[in-house]
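Structures given as C-alpha cells follow.
The two complexes that follow have chain A in common; it is paired with chain B in the first and with chain C in the second.
Then we have the complex of A and B:
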C-alpha cells in the first residue's frame, strides 16, 4: 500500500529542469532506494516530497491527502536526514537532540526519555555530553540520523547519510537502518554507494537528468541486462585504435574507459576474450588483466546512463 | 520560538568573545576620546593685549570650558592660524579690559574664518564666562567689604583667594553649567559634550556589529542545512524568523544597557534623569539595525561575505550619522541630507537633544516613525531576499 505518492512532479529553475515529470510511490514498511549521479535531481525530489521545495507541477499525496495544500500533515510524520551534518557544532550531541525534540513539540520528561532512547539506537549514549564539533565523522552522521528520529516518524528520508565515513561507522549505520525498518519505519534512501542500496533496499528507483529511468526490485532491474555481460580490462599502455576497434566488434553494446580500465558491455556469448586480446595486440595495447563480471546494479546504471554513479 | 532563543543563548555563552569585545571596545574608545585631557576640545588661539592679572584671570575662566581650549599666542600667530584655517576663530583681549570689567562694558575681539560654525556657541560661552567672572568678582569685593566693615583683617594674603574659592564652590551648585544661549538668528546654539558624544557615538556604532553578527547565525544555519531542517519541522517560518530577530534584539539592547551603565559608572557620562525616552529610542534603533542586518543577510551568501560588508556599512553609518563627530561641524548641506537616511543619525541627534537641550518625549516621535519605516522596509526586502537565496542553496 502506497503511503506517499508523487504524481507528475516537475521542478523548473530558470536555467534547468531539475525534476522532470517524476511519478513516485513509497510503500508502507519498505526501504526504497533512490539512485542517481550528482545532479540527477534526487535531492530536489526529496526536497519536494518533504515540502521544502514547492514543485512547479504535480501533486504529492500522503495516504491520499494532498500534501501541497496541507504541508503540516506530513511534517509530524516525516523525519529527514539531510546530506549535510545539519547540527549545531557548539552544542553537545544530547543538546542537539533536545533542541530538535523541542522543535517537534516534545517536552519535559517525555523529551528526556526519548533522547535517551535515540542515543541508544544510534549507540552514542557514552559520548552524548561532548560537543558535536569534536565528534568524528561517523559520530556526527549518527547524531544527524538521531535528530530525525526523535518524534517517532513513520517515514524517514535519508539523503546520502553515510558520505565520508569509515567502513565501521557505515556498517553500524546500515544495521541501524535495517533495525528501524524491521520496527516498521518506511525509508526512502538515496546513496552513491551501490553496495548500500544492494544491502538495504527492497525496491530501487534509478534517476538521471531529472527523470526516473528505471524502477523495480534489484533482481528485476538486473534481469534487464541479463543478456549482457561486462568485460573489464586493465591496461598499461593504450593504443589509439583500440577503443574504436572494440566499439566496432559485433555484439559490443558499449565501451567505457575510466583511467587505466576499460569496461565493455557485450551481448552474452557474442564476443570472445581471444578477439579482444588479438585487437589489443594489433593496436599496440598492453593488457594487464581481463575479467568477465556478472551484471550488477552498477552495470545496470552504466548501461542506462552511460556513466558511473560517482561521476 | 523559545527553542531558537535557547539555542542561540547557549551558543552565545560558549562563544562570547565577540560580544565581550563589542562591550569593551566602545568603553575603550570613549575613554580615549573623552578622558584624554583636552585632546577633544576645540583649540582657540588667544592673544592677551592687556596682560593684566584680571585679563589672565579671564583666560583661566575661559579655559574652564569643556568644549574649548584657549591657547595664548602672539597676535601675528593668531591671525595666521585663523587665516590658514588651522583655527576656526581667535580671541583678542584688548587693552582696557580691566576698566571695561569695572564699568561693566567689556569688549572682546574675535577674529573668525568665513565658514566657521562655532561662532554662536563660542560667543555665548565667552559671554557667560565673563558674566560669571564679573559676578564672582563683584561678589568677592562685596564680601571683602562686608568683612572689613565687621573689623576683620582682609589684607592677609590667603583671605581673598579663599573667599573666591568658597564663592565659586557655592555658585557651582546654583549657576547653570550650560555654556550657550540663543544666537541672533534664534536657532539653537551648538552644544558639545565630548563625553556624551564619544560614549553615545561609539555605543551606537559598535552595537551594529553585535546585532548583525548575532543575526548572521541564520546564515550559518542555512549553510549547515539546519535552516532547511527547521523549515520542514512543525515550527512556523514566522517563529523561526522571529526567534532569530528577537535574539539579535536582545543581544544588541543588552549591550546598549550595559554600556549605558558602564559609561555612567566609569566615565561619569550624564544620561540625565529621564531614562524613558532614551531607552525607548535605543530599543527602536536596535530593531532598525536588526532589520538592516536582515537586509544584508539577504544580499550575502555566507557569513564571510557578511563579515566583509558589515564594517563598511557600520563605519559609513557612524561617519555620516554623527557618531564620530557632531554633525553640527559638518558644513556640507549634501552630507546633512545624506545623514537623514542613516538610522544612526536619529538616536544620536535625538538623545543629544534630550540631554543637551533638556528635551523629552517630544523629540522621540519623529525619529521613531522614521526608524520604524526604515525597519519595515529593510525587513521586508531582507526576508524576501533571504528566502530566494535559500532556494539557491538547494
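Then we have the complex of A and C:
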C-alpha cells in the first residue's frame, strides 16, 4: 500500500531542470532505494517530498491527501536525515538531541527518555556529553540520524547518510537502518553507492538527469540486463589497437577503460574468451587476467546511461 | 519553543571564544586604556570648540570703594597716613579691580579666546542658559568681591572672597578648561596675599611695624600695576542641581559598553545565517516551526546576551576601576531597553543576511559601520566635542542613545529626565523590527 506518492514532479531552476517529471511511490514498511550519481536530482526530489522545496509542477499525496496544500500533515510523520550534518557543533550530542526533541514538541521526562533510547539506537550513549564538533565523521553521521528519529516518525528519508565515513561506521549505520525497518519504519534511502542500495533496499529507483530511468526490485532491474554479461580484463601492457579491436567485435555493447582495467559489456554467449585472448595477442597486449562478472546495478546504470555511478 | 531557541542560542554564544573575546574582553581592555589616558585627552591634544562662559557681576566697584574708604578711615591703619596719601591709596586700589582683570583681560585674551568665549549677562538668564546646555559655565562675581580683595590686601585676618564657577556636567572637558584658567589666575593672586601677610607679620615681630606701614604704598603701587597681586579666592566647582560630574573612567565604561553591544548584534546575525549553513534551519522548518520562531529566538537570545554582556561589563568596571553607574532603579530599565534595541538591530542584520544568503551584511556592519556609529555616538570622543552634524547623527544611533542614557544615569538625572532616551530606544527597536520584517519578506517574493 502506497503511503506517499509523487505525481509528475518537476523542479525548475533558472538554468536547469533538477527534477523532470518524476512519478514516485513509497510503500508502507519498505526500504525504497533512490540510486543515482551526484547531481542526478535525488536531494531535490527529497526536498520536494519533505515540503522544504516547493515543486514547479506536480503533486504529492500522503495517504491520498495533498501534502502541498496541507504541509503539516507530513511533518510529524516524517523524519529526514539530510546529506549534510545538520547539528550544532558547539553543543554536545545530548544537547542537540534535547533541542531537536523540543523542536518536535517533546518535553520533560518523555523527552529525556526518548533521547536515551535514541542514543542507544545509534550507539552513542557513552559519548553523548561531548561536543559534536569533536566527534568523528561516523559519530556525526549517527547523531544526525538520531536527531531525525526523536519524534518516532513513520517515514524516514535518508539522503546519502553514509557519505565520507569509514567502513566500520558505515556498516553500523546500515545495520541500524535494517533494524529500524524491521521495527516498522518506512524508509526512502538515497545513495550513489550501489552496494548500500543492494544491501538495504526492497525496491529501487534509478535516477539520472532529474528523471527516473528505471525502477523495480533488484532482481527485476538486473533481469533487464540478463542477456548481457560483463567481462573484466586486467593487463600488463595495452596495445594501441586493442580497444578499437574490442569495440569492433560482434556482440560487444560497450567498452569502458577504468584505470588499468577494461570492462566489456557483451551479449550473453556472443563473445568467447578465446576471441579476446586472440585479439590481445594480435595487438601485442599482454593480459594478466580475464573475469566474467555477474551483472550488478552498477552494470545496469552503465547500460542505461553509458556512465558509471561515481563518474 | 521561542524560549528553547533562546536558551540554545545563548548557550552557543557563551561557548564561542571569539564572541566572548570581542564582546567582553576587548571592552574591558579599552575601558582601562581610555580611562587611564583620559587625562591627556583632556589636556587639549584634540581641538575642541570654545566653551561659552557667562559672567555675572553682582559686585559694584564704586560702592566697594566707598565702603573701603569708610572702613579704612575708622581703623588704626589710617593713623599716620595723610588725607592725600589716603586718596592716593584708594585711587591705586580702585584702579585694580581683580574680577575685571579676570573677565576682561584674562578670559578675553587672544590666546584664551580660542578656548573660551565670554559674555556678561544677568544671573537669571545665565543660569537658564546653563540648564539648557547652551553655555558651559557661569562665573559668578559676588557682591563685595573687590572690597574684600582690597581689604585683604591691606589688613591681616580678613576672610577671603569667593568666585563661584557653575558648570554643565554634560560639557565636562570644556568646563574643566574654564576651571583651569580661573584657578591659575586665582592661585597667582593667592600667592601675593600670602607674601603680604608674611611681610607684615615679620615686620611686627621685629618692631618695624611703622616701617612696614610706610612700605604699604610701594606694595599697593605694585598691586595697581598688576605685578604683585594679593587675593585669596576660593574656587567652588558646583554642578547644576541634580547633576553630578562624571570621571573619565565612568564615561569610557559607558562608552565602551554602548559600542560593544553593536558587535553583539552582528554576532547574533552571524549565528542566524549559521542556521542555514549548518542546515539546522531546514531541520527546524521540517518540524513545522515557521521562520517566525527562528527570528523571535534570535531577537530574544541577542537581547538576553547583550543584557548579560552589559551587566558583566558593569560589574567588571565597578570592581576593577570603581566605576559608579548611578542609581540601579534608573539603570535597570535602561539596560533592558538597550538590550531589546540590540536584539532588534540583530534581527534587522539577520534579515539582511537571510535575504543575501550570506553573512556579508553583518560583516560589513561589524567591520565598518560599527566604527562610524561608535564615533558619531560618542564612544571615542564625547559627543559634546563633535561637530553638530555628527552629533545629530549619533543621537539616532542605538549606541549614541544608550551612551546618553548611561551618562545621564551616572550624573543622577531622574527617571523623568531620562524618559526621552527610553522613548528613543523603544522607537529604534520597533523600527529595527519593522525593517527586519519587511526585508525578510523579500525572500518570500
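In the analysis below, the second predicted complex is superposed on the first by the 311 of 311 C-alpha atoms of A that agree within 3 Å, B and C clash if a C-alpha of one lies under 4 Å from a C-alpha of the other, contacts with A are read in each partner's own complex, and residues count from 1 in each chain.
By definition in this document, a contact is a pair of C-beta atoms (placed from the backbone, for glycine too) under 8 Å apart; a residue touches a chain by one contact, two chains touch by 3 or more.
Everything quoted here is computed from the prediction, not taken from an experiment.
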item	value
When chain B and chain C are modelled together on chain A, clash or fit	clash
Partner chain(s) touched by A:43 [first = chain B, second = chain C, both, neither]	first
Touching partner for A:117 - first (chain B), second (chain C), both, neither	neither
Single chain B stretch clashing with chain C - from 78-86, 330-338 or 348-356	348-356
Footprint overlap on chain A, where chain B in one structure and chain C in the other make contact	50-52, 72, 75-76, 78, 80, 82, 84-88, 90-91, 95, 99-100, 102-104, 147
Of all residues in chain A, those that touch chain C in their complex	50-52, 71-72, 75-76, 78, 80, 82, 84-91, 95, 99-100, 102-104, 147, 151
Residue ranges of chain B in contact with chain A within the complex	3, 6-7, 10-11, 14-15, 224-226, 228-235, 391, 394
Residue numbers on chain A that touch chain B, as the complex places them	43-44, 47, 50-53, 72, 75-76, 78, 80, 82-88, 90-91, 95, 99-100, 102-105, 147
Residues of chain C defined as touching chain A within the complex	1, 4, 8, 11-12, 15-16, 278-280, 282-289
